[in-house]
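Look at the two complexes coming up: chain A is in both, with chain B in one and chain C in the other.
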Partner chain A sequence: MLDAFFQGAHQVFAFDTLIYMLIGSVAGIVAAAIPGFTVTMAIILTLPLTFAMEPLQGISVMLSVYVGGYTGGLISAALLGIPGTPSSVATTFDAFPMARNGEPGRALSLGVWASFFGTIISTLVLIVAAPPLAVVAVRLGPWEYFSLIVFALTIVASLVGNSLIRGLIAGVIGLGLATIGPDPMMGRPRLTFDMDLLAPGLPFLVVLIGIFAISQLLDEVEIHGKKVNHALIPKSIDFKTWEVMREVLMRPVNLIRSSLVGVVIGALPGAGGSIANLLAYDQAKRSSKTPEKFGQGIADGVVASEAGNSATAGGGLIPLISLGIPGSAVDAILMASLMVHGISVGPRLILDHADLVYGMFIALTVASFMMLVVCVASMRLFLRVTDIPKQFIVPTVMICCVIGAFALNNRMGDLYLLGAIGLVGYILKCLDYPLAPLVLGVILGPIAETNLRRALMSDGDWTVFFTRPISALFLAAAVLSVILSIRSIWKAHKKGNGNKDALV
Partner chain B sequence: MLRKIAMAAGLMLAAAAVTPVMAQDYPNKPIEFIVPWGPGGGSDTLMRIVGLGLSEVTGQPVPIINMPGVGGTVGLKEFAKRPADGYTISQIHEGLLTANKTGITDLDWDSFIPVALVASSPQYLTLSKNDNFKNLEELKAYAKANPGKVRAGVTLGGVPHLHMAMIEDALGVQFSYVGFRDTGERIRALVGGNIDIAIGDVSSASEFVKNGDLIFAGVGTEERTAEEPDVPTMKEQGYDLQMAVTRGVVLPKGTPQPIVDKLADDLKKAMSLDDIKTKMKNAGSANVFIGEEDYKAYLEKLDADVTKLVGKLQG
Partner chain C sequence: MTADTPKPAAADAVASAATRARNELARLVSYIVFGVAAVYCAWRASSLPTSRWEPLGAGSFPKLVFSVLAALCLFAAIKSVIDIHRNGGMPEAVYAFGRWLKIRRISFAIYGLLVVYLGVLSTLGFSLATFGFLLIAQLLIAGVTRRTVIQSVIAALVFSFGLNMLFADVFNVFLPRGVLIAF
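Entry: the complex of A and B
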């Protein structure tokens, strides 16, 4: 065992591997920081390069892109209010207000440290508990997945903003949008009106970019019209790197809970980072003594979201390493790169290729340190982005969004959809509808539908949802979550804090 | 406006393509390879390797363009509109035929020029570890005694559905189908015991078989495969079933014959490179190469088979 460990370490710590990893880390951070460009795209670009590398070297580079990518998304989330990747949606809730309140450096530092610790914690869980966790994860059937999604839908209550009703409407719009296109089981067209444009459905990323980026950019233009001072970053900026590290570590409960949420969601094939950050944020908000401060720039919100999404990196590797089952699209690409080298990824991976597996653990740890160093060293540079006058930054980001939306599936039609959805998002935003529930609906809707139908195809009996213990547990948690939300809303209402809008 | 420019450019390219001079120095610029499926899947991985080989032989880059959607038909629809000059190539497999027969798309294999079959992944009937059956005969007996009880994982309306319908037909039994998106998802459910049987392949399931978690009950090839010499073919068990996912390169209709020939030639050279052969094998494909005419004949036969079974796919 120790032998394999040193063999793995020897390969990862080779000079050329480290250099490639550093490049990968920077590439991942930059790709994720640009709204519209995703980590998956960056990994696909690295895939052909790894064909020519040693297997472990290739995987190490991909892992550093991966880890960098889960962090990079926070940069645009904090500075522009646009999630750079689907996994940094919840980061915008608090990091952006914090940055606007004159603390952009702190917002970035908080996110970077939370990401770092999230990755480290998830790596630890991966090393210690991967095989048993993977066995549980693979046993979960469509019943458990459906119940989990029902539970996840209840977090809409934490995301509604000013009005519960408007939040719920936004969530339902999201669920509705997700039904457009081929149905997830038979591939039959639904609500496409025989239009080529709608035939492939609305890709989730196009919705995300349209809803968040386009509407936010239009908003920026509007504010600019009112001649609001746009130099939002004070000239001398202090990142307080070490102070913020202590600040993050002073929240051990939040940090560990959010990381564990990330690990568990990451380990469930098919869920992934885009849900983990929202769930972690929701859990942090619910257990906070000051839930009303969430959304106004509270450190806990940033920590929860970033620790949650970064922890899915290690979590996603749990089923991959122990069973050869990829936890996400990115893991599937990692697996393909190993396969091309003739390494069969399966339940025997740890036995047959121990050096590779230990090497992956080491590479994940090294990658998170690299991400930390790169981020701390270059944060000042990223902040420069905010010095650029709006008339340059808004069109530039818009162009990136359009390119990103196209690069996703190389379909021209997606761009028209992007424009249309952006407009819808902007209108909803103007009417004070919260946008996060809509995006959540688009993410969760298809997963819920697929698993509901799959469950009923496997067994026509509805009671199975209640008789399978884990499924029943999730459903109970969902009921509890709804009750608690109603209670807290009612309490806030009773306090009579003047916000009569709360229930309407 | 943009469309007009694109059309003009397209016409110019098409006009240029018909001049015979082109074939000799073809290709003299990058060849775009539209893969109508998402990254990380079987088609993507295999075609990236094919692209690598083609690029090595021709000296031109062969960028892979993933254009997924609606069972691979979105990318092919776009591909059909591209200029027929040999600088855009694409890939088809059995899925296009089932999609056509079940009415998902109007495109069919003869909407394109089949150039060469370059990859073939044999498909295995894969069983979960359970108390009721351990091989094909036991499965047949159990399924006969318990109609509709055996849960079979397939991609509804897709190739695995076709293969499973062939087995159902041959055994004279009835399964209940559960839909999954891809082979990886099905094998996962099979390992987790959420379904009982599924169509699998070497790259996604053989490690589980080696580990004793799953059983290969039969392979849909003429002879036993080199990778799994212990797994009997369906044929030797008395059921003459051909089950494979075969992937071939196609060109848009109207591509000049010299270019088709040249591409077929280059592909043949690419597929015989040692490095490419190893990589294809690692990614779960047999080393095959079937040229233009034979590939066409193969598709015609396949077409007849799919037509025969299409009723089962819509049930």
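Entry: the complex of A and C
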């Protein structure tokens, strides 16, 4: 174990890896500071650059983009009141009023320190939780795995977006798209409609880029007309770095609670930083002695929301490392980057590639320190990023997406698929379908099918899914997540403040 | 005249019900399209030969998935029809679609440009095709003025020829060179 740890540390602390991570950290912060540019998109754009790197080096760079991205969203949230990423929505509630009240530097510093401590706490939980969970996961059979995937998909569908049924439809469409091409057991071609383009199946990174990035960029063009009051960014900002660090540490209960909320939410498939950000804020408000001050620029609100969203970074890696199930789109890309290097991600990852897993733990810690140093040293420069007009960002990022999709297999056919999937993603987005369940469906589809067929290989008896206790538990949890989701929608309807079309 | 003018709150309610009906109509179309496609795919999957080695063959999982999708779409479509009736009935489909397209005209223009770009990429090569795409897309978004043209030409040059050089020389990732012009 110690050998593996030192091997991982040796690779992460190599000079070139640290330089790449530093660039990744800056890129993540800059990307997320641009309103409308999500952490997912930043990671997608990083992916092709890591193809030529060693697996751990590549994943370390992506983790630094990830950690930097969660913090970068804070900049436009605090100064412009626009969440740079969906995971910094709750940050605007207090950071923006604080900035408007003449303390923009304090708001930014609070967010940066809270993000830093949130990431560190989540990494500690990851180190403690992932290895034992992986040992248990290795003993799970195909019955339990299939039921776990059913649970993961129902929980994603019920947590993401405004409508449970559209979430379920999106998830099942993803599973359906994954069946195109050779079947995962025997390699028999299916649903290819005699088209060479579909014969190898849909590469899920192309689906991911098309669904998330292209649709988001096309959507951005429509809202580009809304002018932002750039005068909100003051010329001189006092960051009060060390004073604010003490201020954050003086709130240990809020910091630890919000980070743990982030870890738990991050570990749940589909429930990423955006939910953790809101939930941690809500918990801080509920347990505060002065809840009426929330929303007016209170430090507790900024600390809770930023610690919450940053802690999902470590939390999301728990199911990825121990079960091979990505908790979010970002984790799915991290998984893809390992698969590109021929590393199979699953419960055996920690047993077969211990150096890689320990390296990931170290990289996450190093990335959070880098984010802190970069933010403290050059926050003033990043503020200028919010001024870049969308006319430059949207087409350029689109080109980067094309490069990412092409560089994966050097196949023009992938680009045609990208164009088609991008249009589907944009239309689904316009129609308010959540996109995360679709992408997770594409990723989990082959795993679900393989386990289902293995589970029924001996006698084809479906009741076995209900007679094996852990499998039955996951299926019961899946049903429960759907029932709870319907119940909460029903309650919102009764109160009269729910989304009118939440069910459908 | 004033007696015939609806009160603002009532007018808003009518407008929002109409908007909801329009959105719901668009979703209904999507449920029908996905539902029909799911039924077709389930039928195609069921025609795949069964396996000798296992109870479930290559077609079983897709058949299961597309059947579930068809059932979900049917449920969603029924609920959608009920909602449309609740919100004042079927809006004029052509008008609703035209309005939907009009709001998103720049997005679709950019998408059309992307399709053309992907189509000519293998012929013109990355640098040249990208230069054209970036230049037109930037001007589409920002509008054509002397300033935006100069800015767009510079940005297009940097992110087409510059990006190609960066990927080829630094990352060893070689982008399409083109058939007609090998840039």
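Descriptive notes on the structure:
Rule of thumb we're sticking to: the second predicted complex is superposed on the first by the 274 of 504 C-alpha atoms of A that agree within 3 Å, B and C clash if a C-alpha of one lies under 4 Å from a C-alpha of the other, contacts with A are read in each partner's own complex, and residues count from 1 in each chain.
FYI, a contact is a pair of C-beta atoms (placed from the backbone, for glycine too) under 8 Å apart; a residue touches a chain by one contact, two chains touch by 3 or more.
Keep in mind that this is a model prediction, so the values were computed, not measured.
Within the superposed three-chain model, A:P48 lies in touch with chain B and with chain C [touch as defined at top].
Of the two partner chains, chain C is the only one touched by A:I403; chain B is not.
By the touch criterion stated above, A:I483 is placed in contact with neither chain B nor chain C.
Looking at the shared chain after the overlay, A:V253 reaches neither chain B nor chain C.
In the superposed model, more residues of chain A are touched by C than by the other of chain B and chain C.
Shared-chain residue A:A199: touches chain B; no touch with chain C.
Contact with chain B, but none with chain C, is seen for A:R139 once the two complexes are overlaid on the shared chain. In the superposition on chain A, A:C430 makes contact with chain C only, while chain B stays out of contact range. Across the two superposed structures, the residue set of chain A contacted by chain B and also by chain C is 48, 51, 185-186, 188, 410, 453, 457. By the touch criterion stated above, chain B contacts chain A in their complex at residues 34, 38-41, 44-45, 48-49, 52, 65-71, 74-75, 77-78, 99, 104, 151, 156-158, 176-181, 184-185, 187-189, 191-195, 203, 206-208, 210-211, 213, 278-279, 282-284. Across the interface of their complex, chain A is touched by residues 20, 23-24, 26-27, 30-31, 34, 38, 41, 44-45, 48, 51, 54-56, 58-62, 65-66, 68-69, 72-73, 75-76, 79-80, 83, 100, 103-104, 106-107, 110-111, 114-115, 117-118, 121-122, 130, 133-134, 137-138, 141-142, 148, 151-152, 155, 159-160, 163, 167, 171-176 of chain C.
Interface residues of chain A, counted against chain B in their complex, comprise 40, 44, 47-48, 51, 138-142, 181-182, 184-189, 196, 199-201, 269-270, 323-326, 329, 332-333, 335-336, 339-342, 344-349, 409-411, 450, 453-454, 457-458.
Those residues of chain A that touch chain C in the complex are listed here as 48-49, 51-52, 165-166, 168-169, 172-173, 175-176, 179, 183, 185-186, 188, 190-191, 214, 217-219, 221-222, 224, 389-392, 394-396, 398-399, 402-403, 406-407, 410, 412, 415-416, 418-419, 422-423, 426-428, 430-433, 445, 448-449, 452-453, 456-457, 459-460, 500-501, 503-504.
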